[in-house]
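Presented sequentially are two complexes of chain A, the first with chain B as partner and the second with chain C.
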Partner chain A sequence: MVAHPRDQGDSRAARRLNEPRPAQVEAATGIPAAVGGVAVASVREEWRVADRWWTEEPVRRRYFDLVLETGENVAVFYDLEQERWFRQKA
Partner chain B sequence: MSYVELHCHSAYSFLDGASLPEELVVRAAELGYPALALTDHDGVYGSLEFAHAAKAVGLKSITGAEVTLADGSHVTLLVETPRGYANLCRLITAAHAQERLNPRLDPTFLTERNDGLVCLAGCARHGLAVRDPNAAARLARAFGRDRFFVELQRPYSRGDARRNAALRDLAAELGVRTIATGDAHAHHPRRAHLQDVLVAVKHKVPLEACEEERRGNEESVLLAPREAAARFPDDLDAVQATVDLAERLEFDLTQELGYRYPDFSDRADPADIQLARVCDRAFRERYRNGSTALRTRAAERLREELALIAELGLSGFFLLHWEVLELARDVSLEVRGPGSPRHLLPPGRGRGSSVGSIVCFLTGLSHVDPVAAGLALGRFLNRELVAVPDIDLDFPRDIREKLIVAVIEKYGPEHTALVASFSTYHSRGAIRDVGKALGLPPGELERLARLTEGNPRRVAEEIEHLPGAEVKLRSPRWRALGELAAEIGGLPRHLSQHPGGMVISTRPLIELVPVEPAAMEGRRTCQWDKDSCADAGFLKIDLLGLGMLSAVEECVDQIVSLRGETIDLSRIPLNDQAVFAEIQDADTVGLFQIESRAQMQSLLRTRPENLDDLTVQVALVRPGPIQGKAVHPYVERRQRIREDPNYVVPHDHPLLAECLAETLGAIIFQEQVLEVSMALAGFSVGEAEGLRRAMSRKRSADAIESYRERFYAGAAANGVDRAIAELVFSKINGFASFGFPKSHAAAFALLAYQSAWLRHYYPAEFLCALLNAQPMGFYPPASLVRDAQRRGVEVLPPDVNTSAGKCRIEGDAVRVGLGYIKGLGEDAAKAFVAERERAGRFRTVIELAQRSPLDRRALEALVASGACDSFGWPRRQLLWRLGLAPRSTSVGAQGAERQLALPLEPTSEIPELPEQTPWEKMLADYRTTSLSVGVHPLDLLRPHLPAEVVTSLDLADLEDKTPVAIAGLVVARQRPATANGVVFLLLEDEHGQVNLVVPPTVYERYRGLVRGEPLLLARGRFERYERNRNVLVEEFTTLGPLARQAANEAEVVAALPTAHHFGHR
Partner chain C sequence: MVACLMIPAFTLRAALRGEPELRAKPVALAPVPGTQPLVGPCTGAAERAGVRPGMRLSEALATCPGLHLVEQDPAGVEAEWERILRRVEDAGLAVEPVQPGCAYFETRGIERLAGGVQAAVQRALDAVGEAWEPRVGVADRRFAALAAASVAPAGRALVVDDEETELFLAPLPLHLLPLGPDRREELSGLGIQKLGELARLPRAAVADRLGGEGAEAWRLAQGEGDGRVSPRRPPAEIGETLEFPEPVANELTLSRALAALLDRLLTREERGGRIPRRISVSAKLVGGGSWWRAATLREPTAEPARLQQALAPKLSELPAPAVELRLELGELTESVGTQSELVRPRGSRLRSRLREGLRQVRAAVGIDAVYTVVEVAPWSRIPETRAILVPRDD
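Presenting the complex of A and B:
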C-alpha cells in the first residue's frame, strides 16, 4: 500500500527515502501541468487509490507519474481527503 | 462515443461481485446502455434472472461467463448462438467436474468445443493474455479472428499503461481486434466498499490483510457508457468493438432452450395409451374386491379423468411421476427388505396431488380412493390450467436418500441434477461476515448477532442498543457495519442444495444449464435455483423426506407384524367422529401439522369436522394467512356459522364471493391470490401468475408496485371502489406466497388425519413409531412420552435384555430402545443386540461387561440409564461391580482376536452404598436418555412449591382474569416473526401442559430465564377466552435453586431436557 502522509509506518528507512512531501502543483484541469514551477513534459501514467475507508484515516488519492521538462521523473498525488498535492520520488 | 459493458460480475460470482443481476440491469438501463453482458465466475447462476430482468426494461442481455483455466488464468466467454450456449454449459460443467468448489477448465476443451462462443482474452489481473500470451495465441487460432478479442481494461491501477501497450502488441501480432471492458463488480459506486468486504470474506481475513486481493480503488463499477469510453482515449477501435460485438450477440436466454421432460412420447404407443394401461392395471388390483356399484362409478370416473388429461397433454407428466414412484418401490424393497410388511405400503405419496383424483390414486400419487370417499376432482385438473400441476413427492427419509441416487442412475447423470438454492445474507450472517472483515471484536459481534431480529436493514439501529453505543457510533468500523449489513442483505453467499428438487431432461441437461458436484457425495446440482428452473420451463420433481411418513409407515408395519392386522390407510374412514373429537379438543400432541401451540389454540375455536375443514386448518396457521389478516376473520366466521346456521358470510366485494366461499371470505390458499386478482381486477391468468411470482421473490418491491397500479385500474374498471381495491391488495400482498396451495394442504391434512387415526386406535404403536422417527415435530421426545402416558400408554425404560436398538412394542407397552441412551450410538447398540441374540440374555453386570462389545463409558451409561435395573441391584452397586469386572482384551495383529477374560466373581466386598433417591433416578433418566418414563420433576418439586402455585388441572375451574402462579418444565419456546415480539412458552407439569403468553416487556426483563431455564415459576393472570386457556405472564422466577435444594444438591438444571425453540432467537 501507499504510505499515508501521517502514517507512522514501521519501515522507517523507506519512509525517510520516499516520504510524501507537500508539493506545489498546477492542475487547472485536474491533470498536473507544472510541479514546483517546472512544466510537465508528459504524463506517463495516472492511477487511483481508495483504501482504509473503514478507519479514522481513509486514503483517497489520484497519482500521476510525470516527466518534467527538466527530464526529471516524479510522482505526485492529489489527496482527496486533505485536498492538497504531494510529491514522491517516482 | 457509445460503449457496451461486456465484462460484468454480479453477486453470483460469490463474494466477488456486490450487486444482484436485477440491480445491474436497472442501473444499466438508467445509464442508457443498449445492452449488457453478465460474466460471472465459472457459472451462469444469475444469468436467467438477469435475462428476464433485462427483457422487462428493454435492455439486451448477453449471456456469458468468466471461466477459470487450468493454470488459474481467466478468459471471458460470450454466447453468440444457441449452440454456443450449449457449449458454454458443457464447458462450465467440465470445469467443475474435477474438484468441488475449485473450477478449472482444461484449455483443450475450449479449443475443441467453442462453436457459437466468443472469447475475450481475459482481465487485467488474471487474464490469459496477460499471464500466458502463448496460450492466448493458441486459443486465438482455435476461435479464429472473428471470435477472439484481446481485452483491454483501465481500472486505474498502476501499470495499466504498460500492460495495455503489451496487449495491443499481442493483438496486432495475432491479427485480432482489441476490445475495451470495465470488469464491473458493482452496479453503483456506493457498493465499492461492499466489494472490498466481500473479498475479505472470501479470503477469510480482515480488510487490512487482503490488500493484494482487493481492487485498491473504487473504479471497477458500472460506469456511464460515455465515462467508460473516455477511459480508452487511445483505443477508439477497442471501444467501437464493444458496440459491434454486442450487436452481433443475438442469443436470448429467455427464448426456448429446448427443454423437454421425459414424456414417454418416444415409445411405441402414445403416452395417453400408456397412462390408460398403467391405470387399468392398478384399477383391477385396487377394485378387485369392491362392489359392482363402486367399480362402475370408479370406471366412469377414470374414463373422464383420462380424457381430460389427454386433452391437457399431461399424460406424459403423470407417467413420469408414476415412473419415479415405481422406482421408489424398487428402492423401498431394497431398503425395507423383502420380508418386511412395509412392502405392502406404497413407497411415497404426492403432496400437491389431489386426493380427489382417481388417476393420482391409481398411479400412487395419492393414497385415498376418491370414489369410495366421495371426493370430487376439484380444481386440481381443469381446462383452464396454465402450467403443469405442482406435485411434490414425500418419502420416508431412508427411502428418499437412496431414491435420489436411483433417479440419477435411471435417467443418466447428464440428464438429471438437483435444483440449486442460494444461501443469501440475513442479518446474522451479515453481522458475522462483515464485522469480521472490519476487524471488530468477535465477542461484541456475537452479542449483536444474537440480539438481531433478522432484518439486515435494521442492524444500524440495533448497534445503537449495544452497550457503549455512543463510542461505537463514533467508530468508522461500527458505522460501516451498520451501512454494509444493509447493503449485503439478500445477496447470495454461496451455492447450496434445494431440499430435494430434481430436474430431469430428455435433452442432456448439461447443455441447458451447467451442473456441478453437490456437497453430498454422488449428487450433482444444476446452477439454477427453483425460480430460474421455473423460468426455464423445467419440470421440477421434489423428492422430500418427511419424518411423519416414516413414522406412519413404521406404525402400520408394527401393527401388521404384532397384531396381524393389515391396515390400508387409503381405505380408513375419513369421517371418524372419535378422531375428530380429539382434534376439536386440541388433543393433538404428536400429530402431523396440527400439534403446535398455535394450531391447538386455533383448533379449539375452528373445531374441524371433516377433511375439508382440516385442509383449511393446515393452511391457516402459516405466515401468509397470518400476515394477510385472514386468520381472525376465518375463525370468527366459523364460530358464527356454528352458532347460527343462517349466518351470511360477509365478503369484501361480491365479486369475491365465489372464489373465497370455501374459506369464508378469507384468503388462505395460494391459488386464491390468483383467483382474487382475476375476479376483482380482471387480471388474465398470466398477469395473476406474474403477480404471485413477483410477491414470492426476493427484492421484488418494484415489480409488486407495477402490479399494484394495474390491480387498482382493473378493479376500477369492474366498478370496485378504490378503498376496497386497496384493502384487498393489501391482503394479497400480506399473504405474498407464504401459504400452501390447496392441494398441498389437502395432502397434509390427510396425513394429519391418518396420524390422528393411528394415534387414536393404536396409541402405543404410534408413540413407538414417533420415538423412532425423531427428530421431528414440535415436541421433544420426553413430552411425547408424557402425553402418551396420560392417554394410558405404558412406557417402559430401556433394558439390556429386552430393548432393541430402536423402541419397540413389548406386550401392550412401548419399550424404549437402547438407541435412546446417550453415548451408545446406533452401531454400538446394533452390535450389542447382535451379541445378545447370538449368545443369549445377560445375567449379571459382570457378564455384560465381558460379553458385550461396548466400551467402559457406554457400559456405565447403560447402568446409569436404568437399563440394568432388571439385574436386581441398585444402580450404584452395579456401577461398583462394573468397575471391578475384568474386560476381555484384544490380542493378535490389530487386535483381531479377543482374548476372553476368566469369568471370575470379584472377591472384594461391595461397600454399603446409599440408594439413589427418586430425584437422582429421574435426573439420571433425563441425563442419559433425554426422557423419563417414571416420576415427573414437578411431582417431586410440588411439595416444596409455595402454597399458591396451582397445577395445570386446577386451571380448568379458574375464572377468567384470576391472578395465578404456575410451575413447570419448559418444553417449547416460540418467538414467531409475526407476533410482534410476544413469546409463547409451553410449560409441562405432572398433569399436562399450560400455555404461557409472555409480552415483550416481560420478555425483555426476564430474557435470561425465558431463554435458558428449564424449570420456571410464572405469575400472572389466567385468561379464559372461549375454550382457550392461557396464562399472561407478569413475572418469572427460576425454580433451579429450589429444585437443587429439594434434590439434595444434585445437578438438576443440566440434566433436564432443553426446550424446542421455534422462530426468532
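Presenting the complex of A and C:
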C-alpha cells in the first residue's frame, strides 16, 4: 500500500535570517574596545532596543555600530538579559 | 441496503484525541471566535451536569462551573475524518461523506464477500475503531438509516427492514428531520413531537402549513426518501507545511508564506502534471486550536497566481496568530484538454533558467540547499525577526 501523502513527513521548518552569533568583545568600560582581538577605531552609532517586555522572553540589547582598525564595519550588541556579547548585521 | 455510519460529537472527540483524560470530565467545545457564544457538542459528564449543545456559554458556565472548554480544531477534525474515511474505503466500502462524523455507504457490493449485511457493516465499524464509538444504521432509505444510526448503541449496527420502517420511525424525535428551528418550533407548538405524529397528518395540510420543507419532512417521516448513495472518488491529495519560527498574524507575511508553499506544492513530483480542483489551507494557532478553509475552483488550475487569488482573501479570517501553515491540493484531475498558451508569459524563459540553475545547485549541494527569503516583519526593531528563510523546491 502506498502511504498517503498527508502521512508523509512533508513539513520543513522555516529558519530565521540574521540570527545573532556569539562574539568575543573586550569592553572594560561598557563600550567595545576590541572585537575578536581587533581594536575598535571608532564607534559610529549606539542605540538600545527594549522589546517584548510583556512576554517571558523580553529583549533588552545595547547595540554598537563600530569601525575596526582593519576598516571593517561591524555591529555588536550586549544582551542585558543574558549578559553576553553578540554580533549581528543590524 | 443503505448504511449510515455515525460518530456522535465527532468534532469534540477529534479535539480531545490528544487529551483522553478529559473525556470523562465535563467538557464542551468552545464557540468559534467571532460567532454567537454558544457551546458546541459536550461530553456525557457535561450533559449530566445540565449542559446542552447549543446552550449560551454564560448559561453553560453558570449551570456547570467546572465546565472545561476545548478550542475548536477544524483542521484536526478534517484530518481525522479523512483518515477514518480512508480506513473504511480500505475495507472495501465506497463512502459518501456528508459531514465529519456522518457518512453513507452501500452494503450491496460487499454483502456476498463479507457474508451478509451484519458482517459487511461490522467491517466498517472495525475500520473506524472502537475508540471512536461508531454506530451504523442500515435501511432501504437514507433517512431511515440515519435514524437507525442515531439510536444504535456504540460500536453496534441496527438494521431496519423495509416493512418495519414506518413503525420504527414513529416514536423517534422530530430533530432528526432536516427542518429549520422555526419550523420545528411551529410543529412543537401544534403538539407534534414525534415522527409518527407528523406522518399521521394529511400530506396536503402539512404542505399547506409548512411549504415544501414541511412536505419533504412528511415524506421522510413516512419512511420514504432517497435510497441512493453517491460514493466519492478517494481523493489524491498532496500537502506542504511551513512552520514559523514565531507566531505570525500579519496578512502580508501569511500571503508570502502561502506563495512559497504554493511554489513548493506545484513542483512536487507526485502531482505528475495533474491539476487541482480543490485547494485548502489550514493553520495551527498560537494558543492551541486550529483553523481550516477550502476553496473549490470553478475550473481546475495549476497557475500559482489563480490559486493564490482563491486562497489569499481567506487568510484575513485567521482568528489568531499562526505557528504553522499547511496547504493541500485536492481532487487532482488529469491535465488532458487544457488549452496551452499561445504566447509564453513574460519572464517565463528567465524563470525556467533560474529553476534549472537551482536544480543544479540542489544536485551538487543537497536538497535543502536553496531557500527563499520571506520578509516577516520588516519594521521590527529586532533584526532576526524581520525575515525568515523558507525551503524552496522548484
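Points to keep in mind about this one:
FYI, the second predicted complex is superposed on the first by the 72 of 90 C-alpha atoms of A that agree within 3 Å, B and C clash if a C-alpha of one lies under 4 Å from a C-alpha of the other, contacts with A are read in each partner's own complex, and residues count from 1 in each chain.
In this text, a contact is a pair of C-beta atoms (placed from the backbone, for glycine too) under 8 Å apart; a residue touches a chain by one contact, two chains touch by 3 or more.
Since the structure is predicted, the reported quantities are computational estimates derived from the model, not experimental observations.
When the two structures are aligned on the shared chain, A:20 is found in touch with chain C, with no touch to chain B. Touch criterion met: A:88 reaches chain C, while chain B stays clear of it. Once chain A of one complex is fitted onto chain A of the other, the partner contacts of A:51 extend to both chain B and chain C. Once the two structures are overlaid, the count of chain A residues touched is higher for C than for its counterpart among chain B and chain C. In the superposition on chain A, the residues of chain A contacted by chain B and by chain C overlap at 1, 49, 51. Residues of chain A that touch chain B in their complex: 1, 44-51, 53-56, 58, 63, 65. Residues of chain B touching chain A in their complex: 156-161, 192-193, 196, 207, 211, 214, 216-219, 438-439, 476-477, 480. Against chain C, the residues of chain A that register as touching in their complex are 1, 4-6, 10-20, 49, 51-52, 59, 88-90. Listing the residues of chain C that touch chain A in their complex gives 79, 82, 86, 90, 237-245, 257, 270, 324, 326, 328, 368, 371, 373-374, 381-391.
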